[in-house]
Amino acid sequence: MFPKNQIGKAAMLLVLSGEGEEQDRLLKVLDESGFTVALGRVGTMDSQKIVAAVETAAKKNGIISSERYREEHALYHAIMEALLGVGRGVVSFGAQLRTVGLRFSIVRGRPYASPDEGEWIAVAFYGTIGAPVKGWEHEALGIGINHM
Amino acid sequence: MFPKNQIGKAAMLLVLSGEGEEQDRLLKVLDESGFTVALGRVGTMDSQKIVAAVETAAKKNGIISSERYREEHALYHAIMEALLGVGRGVVSFGAQLRTVGLRFSIVRGRPYASPDEGEWIAVAFYGTIGAPVKGWEHEALGIGINHM
Amino acid sequence: MFPKNQIGKAAMLLVLSGEGEEQDRLLKVLDESGFTVALGRVGTMDSQKIVAAVETAAKKNGIISSERYREEHALYHAIMEALLGVGRGVVSFGAQLRTVGLRFSIVRGRPYASPDEGEWIAVAFYGTIGAPVKGWEHEALGIGINHM
Amino acid sequence: MFPKNQIGKAAMLLVLSGEGEEQDRLLKVLDESGFTVALGRVGTMDSQKIVAAVETAAKKNGIISSERYREEHALYHAIMEALLGVGRGVVSFGAQLRTVGLRFSIVRGRPYASPDEGEWIAVAFYGTIGAPVKGWEHEALGIGINHM
Amino acid sequence: MFPKNQIGKAAMLLVLSGEGEEQDRLLKVLDESGFTVALGRVGTMDSQKIVAAVETAAKKNGIISSERYREEHALYHAIMEALLGVGRGVVSFGAQLRTVGLRFSIVRGRPYASPDEGEWIAVAFYGTIGAPVKGWEHEALGIGINHM
Amino acid sequence: MFPKNQIGKAAMLLVLSGEGEEQDRLLKVLDESGFTVALGRVGTMDSQKIVAAVETAAKKNGIISSERYREEHALYHAIMEALLGVGRGVVSFGAQLRTVGLRFSIVRGRPYASPDEGEWIAVAFYGTIGAPVKGWEHEALGIGINHM
């Protein structure tokens, strides 16, 4: 079973591990613990493309319903909080002449022991931010967590 | 050897893994790859205590020199960037009636293949942020990366 | 019946109207439409006291459960968003040598036509912000809206 | 007569009430109390279009002079402060993949009892912010107040 | 005569030059051009003390009236804008474990050629920001400009 | 010799003085004290063009190496901090319908008495920010300082 109250850690480990055995093992544990997961990648100078990429992945993989605004709202604010970590206080990149290359994960489930706490969602980003010159970049990451 | 350009991932994995075998193994790999590391914990509503805790740990463990402002300056901005991830855009907590409980790591070394890129530093936080009521909290994390 | 998708307008009108007939009439309509409401006042230079005042009022009046963190989390972020309106981008006041005198309202219910959209919460502030000199102030307000 | 020191409340009530009897009655009271008013609407993902719409309405309706930068400066900062309420800390929307639909009002006059306090201006926004999908939105509002 | 539209440059040169001949010469030119000036110093970790120091200096030296809120309001926002330069986006210092030592100037007058543009005010800060260790600091500065 | 720990003052005086004798005299002193300097101008609504203009000037004039990311990283954060002064908390301009016209300077050298403190860089901006109408603008400035 996945330890309680670690939905953010799970989301971050998924993007840190990258594709491979470790990620597969983590995906299996999360699945067995009742969490649903979507993974993706996005590279851009345009922050709205990051939002769109995560929302599309969440809907395609059935993490959030395409029929309910409340689920989109929960996801949206989780994305914004995660992007504030990536941009360290800003959520735009092109205006600062920065380009980002990010892996992202979305994890939905019940992280708290009490069933009354219901479902929550975590969004994690990990990748690089830097000048529009290959290799002129350093790592950046962030998570956002919200109740569904 | 630790993979190149992953000083931030290393710092984040150290705080995510917590004390135990996995952390020990990671510490060993980082040591063999020439990185120096300090670890610590801090729980507070007062953001300046977080800054102080990380700076003290960095000096005590010889990660930065106590004699050179430039090293403190590099560390300071890395801490600020990591805290912006924790606070998702703000670096104060008590003014928002939030309390944080954080593990932190500081990693210093040469993450780039080219020796000209010199030394860099990464600071990572992982823990919880929430109301001043036990268990009423969710996870938060952040990293900051700077050239030394 | 209270018009759909106007929970924020309702919350703002409650604090704008102040005590009296107009507020009473609005409270009656909201009650008949299934919304629960709490009202209060707070004057301070210390933003954490504003958070505490709203949370206390919400629990005392049964707007949120004292047993579920997810409800506190929903309310907390609604308060933060409303305070960003009051402070126009900052959520601290004393550090800027400003004092605030605010009426607040909390409204919980189902603002959307579709039952799937479930419950939402709105927090509204209206009052004054200014120098610590009587009358040297202008009005300030804000709302925050969140899904429960 | 309109009560003193409530120019912000007046501006907010104008956008909350929408077109109709209540707005007409309020406009009449403001006019009799010596306040000048302009109203408008704007829907966009592009925050600079909001600024342009309000400035154009203010000039067309003679709220500010087209000949004096100081009046544009006073209005501009009032708009920025009101937008910080709408965006809850940010003044851009498209970069966050959000679209806004806003009514706005501009009110100019003498809100303070003392004639020495001179003229002030209030800008209010009320409307919705949300995903670029019809109905996937919640309310947002803000006011900005400045001396002329 | 002091060149037109350079009230901010004047304020900044006053704090950069420090006490001495150059400052005296600049003060004389400003006085002859109809500008009023106040100078001061403040060292603190507490941003509200900076606001108080500038406001007190402005009133004591007759730069703003102690009887009119509108003048305090104009000065206050100029101070806030100047502090955003000093703090590079934040206006608090102690919460970030930073201490500042600042000279400040306040300049009031008519910077524009057209008499209709009326009076404006500029606030400038220049000094150091750094760790609470002597010499561990670098320079910081900022200006804020507002219409009176 | 240029006084110690005044690299920011030097950078600011260069942009305040404009072309002419005073700037030439200052450039000579800085050159004799071992500082390297680049100067430029940029007018735009687009903040990324400002970043690009400063980075290009820095590389063309040999202030930073085109071969080392760490030097670009140091310069980049200095630019961002200086722009936060210009924008008083934001680093975008067009989204707020503002246009800027700026002179900039970049100064690199050893501002501290101790040789261990090594090289630092300062970026300064001075110019105007305002509506896209000629003359409807006021001054703005900022500096950013970083270790190399």
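Letters are used for the chains, namely A, B, C, D, E and F, taken in the order the chains are written, and counting of residues starts over at 1 for each.
Here, contacts are C-beta pairs under 8 Å (C-beta built on N, C-alpha and C of every residue); 3 or more make two chains touch, one makes a residue touch a chain.
For each chain, UniProt lists the protein as follows: A, B, C, D, E, F = Hut operon positive regulatory protein.
Note that this is a predicted model, so its numbers are computed, not measured.
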{"item": "Graph distance between chain E and chain F, where chains that touch are linked", "value": "1"}
{"item": "Residue-number overlap at the chain D/chain F interface, same or different (half cut)", "value": "different"}
{"item": "Counterpart interface for C-E, drawn from B-C, E-F or A-B and sharing over half of its contact pairs", "value": "B-C"}
{"item": "Centroid comparison with chain B (C-alpha atoms), farthest chain", "value": "D"}
{"item": "Chain whose Cα centroid lies at the greatest distance from that of chain E", "value": "A"}
{"item": "Separation of mean Cα positions, chain D and chain A [Å, integer]", "value": "36"}
{"item": "Centroid spacing, where centroids are CA-atom means, of chain D and chain E in whole angstrom", "value": "30"}
{"item": "Multi-chain contact sites of chain F, meaning residues that touch two or more partners", "value": "69, 73, 80, 89, 92, 95, 120, 138"}
{"item": "Listing of all chain pairs that touch each other, if any do", "value": "A-B, A-C, A-D, A-F, B-C, B-E, B-F, C-D, C-E, D-E, D-F, E-F"}
{"item": "Residue numbers on chain C that touch chain B, as the complex places them", "value": "46-48, 51-52, 55, 69, 72-73, 76, 80, 91-92, 95"}
{"item": "Touching residues on chain E, where the partner in the complex is chain B", "value": "90, 92, 94-97, 130-131, 133, 135-138"}
{"item": "Chain B-touching residues of chain F, taken from the complex the two chains share", "value": "67-70, 73-74, 77, 112, 114, 116-118, 120, 146-147"}
{"item": "Chain D residues touching chain C - in the complex, by the definition given at the top", "value": "5-9, 12-13, 16, 80-81, 84-85, 88-89, 111, 120, 122, 126, 128, 138-145"}
